[in-house]
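Just dropping this structure here.
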């Protein structure tokens, strides 16, 4: 059975498991205060080109979004997100659980346009009754987005400028950040992100780790007593080494970028195959998620040999499905899939 | 200065203040356990034609929405509302504050269409990933809506049927319920509402009371220990008599309906005047809220003599404003306004 | 039937109802922006001797405690209170509902001793693991306390000094503040309180009002967008005039203090009677709440003619009961009670 | 440097890392739906002697307590715990964060006595004002407790009976459950726990795993849509295999029990040494945590060669410290410590 249903169906990169074994017998202090966490943080800061950045490790994406958003918002504020945003749709209300509204705005291919956000902010502050409404306290984007699309450097600069104008933090969900950085089309680098965003996270779960996301506060803006906030949310790992060793390995010898590139390269080949075979694309994604439209019958027969993700109904007879490559996809799997298509 | 900016700019109906004076020296037990609360509840039950209905008093609309929604939703559920719904826009996130998402759907003239809700529910349960999403646990409507529009009996029946099909409560925000019931065009009665809704409230603040809303659970479905929930939300009034006496008065000698009718009658005359004078209507509201489009200059000069509510910008040169009549509007005020227009 | 079970069993002072009638027809803006609120605030500031104080009106005590505490605490903080404190025991978890812990410390006659609080704070910050604990972010006291007892000026000064040393706000629940201020034994004035506390409230519900508490932030320390926070908690009254008119009346011609004195004077006579008749006191309260120990049989027979409050079981055969006088207690009621005892 | 400061300073048991390596390349479905989770659950059910038990995996102890308590409590309820309970003191308010009060009762050596709980429950329901208070909705104990002490079978039976009498769930925090089960003195087995408790967790983080706790609902009482609740709390691991493989390994060939026994055996030798050397014990713990009283000077010199945990000040000149053995402690480490003492 071939598996293209997601980018988290394999374990971890082998080097990570090896490092866990090597360091296993060491007696290390808990809660992220060990030397591997320190080393990983140092390397991430270097990759970001931001010596003053502060790095924290959490275990998963929804957890990270919940904690970062709750920690940065004032109690009467909400977070602006695209109506397709992960925090808005697919996190079981984790943000609202902490008392904050997700203020949803229309998207374009999964992206928030600066104009849309600006118009919202102007209308909000122009409304005489805005003190009876939830204050917009943050802008959330994901990069790549839910649709695999990417912001251009210019778009990020504009959104960043807008957020700074309104003095609200600009936050990037980077669950698949590596895939965005290694995409051929992108003009956005990690230092760009560290410069333009107030906080973002570098996703590990979907790129080579067993679990783990690295949150980066870019300018000494970690909320006070952040460890206490993490604990309060039930998210403080006793054996912080599990996250430290993983990220230290991912940011040694450029591993994170290299394995991210693998997902892009295998996706490129797969897209070419799909194009050649005449499968219509639902959206043109430059990263590792590929969305195509299939006849329902074709889908049923395909599903016997390949795992893919249901995305949405296109019409009565067609379905949008997602195929994802990942850090672990072998070119042989692409070839095997070519045979089936 | 004439005042048409809202329906809560006057105090209370005189009979209410008289009753408060008459009963003032009586020693009464607290927290809603007094005889006036009991009498008011009995009268409301009779008006609803539902002897088994349970009635509770709260002080304001946002408070009522927050408590009813929080008390009825399971922790992982959200409430479905029109994207223009009061709970969605104008309550400062009071619902999210309790941990629940407001799931917003498109509206038609402020109303939720059954088809829209049904499609949402079907898509939700049809989505293989729906356990990663907020469960829809309630349908919220307001009647009249934010735009002063009304549901027909047929529409309420359909929504009620849908909610019962999905086993989720159907809740009506009746902040201006009297104005809805007394509207000429309506075919919806209070017993209809008590039959079709699982819970609703009869608004007092905007119809003759100093404060107060009467929540009606229509079929022995008051959540267990509701008093404790009310207290936990900071909403339990020590001197429950303040609410009991007011609602007992409002539901004596048909006062609530009569004063509601006054708002409709004065609104009707005002609408006729506006139509004659050629003011374009933004929406056709059958109740006490009238929405017209004014040139910005005209608005500026008008505002020197009449208070009206800013609603939204129509375009660069025009503004939508709301004029509201109320239980307390005198026909003389309408005449005075006619002079100005 | 005589009623001594609480201090909120009567309506409002007559002058309040008269003022509500007099102002009833005026068209006033909503949400506390009317002129009566402004006038009341000005008068309260003058009484406090603090021109820079900021005053806000809310409807009830639990609501006020919930909102003030939630608005002032950072998300990872809790509030320190005596284990007998109202916020700890009798508010149905209204503080925890907002996500904050009530950190309870031992009391002496209902009061928090400075030494107890200091020891707690020192131990907290001395604990190497304190980042895994709830941070103490505020000190809450009630004055009078749940037992009717009062802090001395010296005690308030010490607690205030400690709070300022640790940079945490010092908050007083003044549900019965007037009774505390008018007690014979007290050396604490309203200006003292405005000087030593960061925030406190002047209770109206238990002293002459139908509902209402006046929150005073003493040094320009109202949390930003407090109106939004109040709305978010479901506590913003549309007709703010109801609170404004009441407090304006209470702080005109010294009414609040005079009617508070009535409770103290009637309580004094009642205490004298009880002492003469040999009833043992459970605690020596200098305010309007009187706690005595009764044989269960005596209590049963008494309850047929007088309403009193059950406080707690003393032992198998005795019960502690509370008798409360109030702003509305007539000396004739005391005399009638004397006959029964 | 010797390390006795806690039982989570080493990585994982080697067999766990080996199994992670062996299964690493397999393509597995996410969120706990993989075969290793299924196998682990089956084995745990067998160990519990409860085929109908339902098992779920979470990553850490505070997270587990937060989610189980929040999922089982009705919104107006709190959880009863010893005032020394982990949920009460050392979880940064994670329970209050979800809106629930921790109702603290006095302890005896870290344990809740049935009499104490019964008296509380009787007083609560006997109080006429209990609807103004937080309802006790659950009893929380830890086994071993914070002090390493254990409940006897008789004590668990009594508490269980009481909880069933009051129809509230009885929950055991088993962060160190293995150490409790392998203690020489205990008469409590895992099947006993599965019989008497409504829900409990088997701790992995402190017993051989990198992370992970196995929650057991003992009688088909998993709250509905528990996966959604876990996601809402930010605790749903995408690669559930990380937990499944670990627990499957721990419950294969009795590994969990065997490595737990190692902690007990090394602790026994250490206790004997301490006794021989005349160190006074702070409390008599039958499990892997040992509490002794040291002169401050002695402690300072000791800390240069051994890591121990500060527990609390005994007096000005003495400190209570905790030494913990674990699943990973080697007898050589005990010998090395003997030399130093």
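A, B, C and D label the chains in the order they appear, each numbered from 1.
The working rule: a contact is a pair of C-beta atoms (placed from the backbone, for glycine too) under 8 Å apart; a residue touches a chain by one contact, two chains touch by 3 or more.
This structure is a prediction, so every number in the text was calculated from the model and none was measured.
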item	value
Comparison of A-C and B-C by number of C-beta pairs in contact, larger one	B-C
Longest centre-to-centre distance from chain B, chain (CA-based)	D
Centroid spacing, where centroids are CA-atom means, of chain C and chain D in whole angstrom	42
Chain centre separation (chain B, chain C; CA means) in Å	33
Separation of mean Cα positions, chain C and chain A [Å, integer]	50
Shared interface positions of chain A, touching two or more other chains	76, 91-93, 97, 99, 131-133, 228-229, 231-232, 236
Complex interface listing, chain B residues touching chain A	76, 78, 89-93, 96-102, 104, 126-129, 131-134, 310, 313
Chain B residues within the chain C interface of the complex	1, 3, 5-6, 8-12, 14, 17, 20-21, 23-30, 59-67, 91-94, 97, 205-206, 210-211, 228-229, 231-239, 241-242, 307
Sites on chain B touched by chain D in the complex	70-71, 74-76, 99, 131-133, 135, 224-225, 227-229, 231-232, 236
